[in-house]
Amino acid sequence: MTFRPNGIVTLTTDFGIDDAYVAIMKGVLLSIAHHAMIVDYTHGIAPGNVVEAAYLLRSGYRYFPNGTVHVVVVDPGVGSNRRAIALQTPEATFVGPDNGVFSLIVEDARRDWNGQLHMIELTEPRFWLPTISATFHGRDVFAPTAAHILNGTSFGALGQPVTALTPANRTTPQLLDSGVLMGRIVHIDRFGNCITNITQEHLFEHQIGPTLVLEIIDQQLNGLFRTYADGPVGIPMCLIGSSGHLEIAVCNGHAAQYLGVDIGDKLRVRAAEDTGPRHE
Amino acid sequence: MTFRPNGIVTLTTDFGIDDAYVAIMKGVLLSIAHHAMIVDYTHGIAPGNVVEAAYLLRSGYRYFPNGTVHVVVVDPGVGSNRRAIALQTPEATFVGPDNGVFSLIVEDARRDWNGQLHMIELTEPRFWLPTISATFHGRDVFAPTAAHILNGTSFGALGQPVTALTPANRTTPQLLDSGVLMGRIVHIDRFGNCITNITQEHLFEHQIGPTLVLEIIDQQLNGLFRTYADGPVGIPMCLIGSSGHLEIAVCNGHAAQYLGVDIGDKLRVRAAEDTGPRHE
Amino acid sequence: MTFRPNGIVTLTTDFGIDDAYVAIMKGVLLSIAHHAMIVDYTHGIAPGNVVEAAYLLRSGYRYFPNGTVHVVVVDPGVGSNRRAIALQTPEATFVGPDNGVFSLIVEDARRDWNGQLHMIELTEPRFWLPTISATFHGRDVFAPTAAHILNGTSFGALGQPVTALTPANRTTPQLLDSGVLMGRIVHIDRFGNCITNITQEHLFEHQIGPTLVLEIIDQQLNGLFRTYADGPVGIPMCLIGSSGHLEIAVCNGHAAQYLGVDIGDKLRVRAAEDTGPRHE
């Protein structure tokens, strides 16, 4: 199986939708790939928040059909010397800045497509717009590159192979000596649910079961609930959200406001069995 | 005339657009129905507000060509035992939770397609994703169902016929003994216009003419204006909005802020002819 | 070269995206032009702000392929006697109200397509919806007109030629006697960058070079930087943004909040060489 473009390209940015930036990228895409089917993934990433973009992209890219191209423009270093890159597996292609935004994709790809993950630095200006601004590579570099991929340009022609990318901080939890997982909030959704960087797999790997204990700020939450409606009304509870990540929710409420927390804030999770004295 | 899908599917949700939830539904749709033309109807429904969703859907679905599939995911009861349903007339198909969100559609359909309104409970998991989460039926049930309808799956194959749906409260005004219509604000638009659940037909039916009197909070508004520009500047006025509903507007102003009202608030409308003493 | 529709239509409105207004326009477009490729340009124009719409449209329309139709519905005078118009060059067609929203397009077109800019008043109701509301010409007039253009209706059939449009105020800077350009902020983007109505061409024409001096409120900014990352951290700086307009930015900050400015506010730009006494 090799990657074959299916005509779909998704856009993930921190541009919001009140400016013309997103429309301009679409115009460039359609000028080169006339029949592109463009899907807005999200343009609501907090400005410059690479970790949130990495989480949101990973939470959904696998629901798109094989052959989809995903463009990510969360690019606080635009105009500096950060690299422009593209990644390809037999399943999907990703285009964007080398700033950690694809770190969770690489994690997936190394596990599932070992040996079939190709990474290049975009170094061939013939696939870009004729003039490259200092501030808008989404328009000048990433959108044209994606359009050429949709048109069937071979991946290798776009640039030079690279073997390692710039890692992102804070996209994965840390295991502390005490058997405690220290994670962070990576996204707060419209309903106030606080999604963490701790997945069901992390819990399983570290033998933390459904009777877990989560500590955040001055709150201690006990146990995993199956659904929002199963939890207590009006106070925070833990569940595994639809993306497979541990999240904190308040049934009929707004967990982030209740707890007074924000993206980036820390939390600690441990197995309930750990009832001996803890030294922190 | 029977329903024939035209390839268009609209999405109405309370997800907002800053999360990946909408994109994920689109990925699922495109994975099953590769050429779906997906239109964002709105994702700005107030979280869980079934009445607002019912109003907004009714205000626009008839502008879409025959054969359109409308998916609504305003689903505060997801994970509970509320039914998943679909409705079909020769004109359109609707897919979503059975919580009243389609109550105004059913009203239209009973009037216009009497005997040709089909309603089913979605009970056939072969048209869903393989795994059903407890929290995201938009992704797992409704999007795949809509995609199969686009692909031509026969409506009856999707589940079991039902004869009645769960009604929604507050979607229609009440007639009080005194000949007064008691309505509610069901939507406040970007310009601050307060749209009510009272339609031009309701006024006609109850013989309330263009010299009507509307009472809300401590304000009394007199008469219907034809357009925003026709009304007094800076104070509230009544008109029939573009959806055929009675609305309160302030020319060059924001009616909801002026009045200090919100979705769900009550108002009373009566004919001006009613000049006798009122006992309330 | 003559205009040939490519199937793409863009929508620029001040409707926001939480109402059904945009969806309804899309439904109308698709009902008449079944295969229209609809692109949301932006729906985030400040309500009624014709100057902002004119700027944002100009900043991006040229990135769309030849043959695109651009619909603009920023229409505070809907229901009054303002004209409905369409403009066509060999490159693109524009449809909307005659209130200045196309003034920058006309400027471009007169320069680049002299003699090939056609302007008409929309006067042929057979290309509109059967019923015309007093409040929503985006639905009733502009969307159907655009759809008929996509379908190949000849431009001249849509109405009567006009030779001049209503101008917009404030879309271009004024040259003061002292050699100072007085401009205004026309848009504030998501990152807080304040985009002005002064373009690189204006600076060149008035011999204001990269050592310019910009005065706004009580601040004086010196010199043009090439990119956000090149400027000082935390204080305002000037640069030419990706649309070719002079903008004020704060590296890693929000310039509009820093300065306490808003759309419409004035600023003054002059060459640094002007070091003699100034009389204002």
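Chains here go by letter, A, B and C, matching the order in which they are written, and residues are numbered from 1 within each.
The rule is simple: a residue touches a chain if its C-beta (ideal position, glycine included) is under 8 Å from a C-beta of that chain, and two chains touch if they have at least 3 such contacts.
Source: prediction; values computed, not measured.
**Student:** Shared numbers divided by all numbers used: is that above or below half for chain B and chain C, i.e. same or different?
**Tutor:** Different: fewer than half of the residue numbers at the chain B-chain C interface appear in both copies.
**Student:** To the nearest 5 degrees, please report the angle of the rotation taking chain A's Cα atoms onto chain B.
**Tutor:** 120
**Student:** Chain B to chain C: how many Å between their CA centres?
**Tutor:** Spacing between the chain centres: roughly 33 Å.
**Student:** Give me the residues of chain C that touch two or more other chains.
**Tutor:** Residue numbers touching two or more other chains: 17.
**Student:** Any idea which chain B residues touch chain A in the complex?
**Tutor:** Counting only chain B, the residues touching chain A are 14-24, 26-28, 30-31, 34, 38, 47, 77-80, 133-136, 139.
**Student:** Can you tell me which positions in chain B touch chain C when the two form their complex?
**Tutor:** The touching residues are 6, 8, 10, 17, 37, 39-45, 56-57, 59-61, 63-65, 68, 187, 189-191, 226-230, 239, 241-243.
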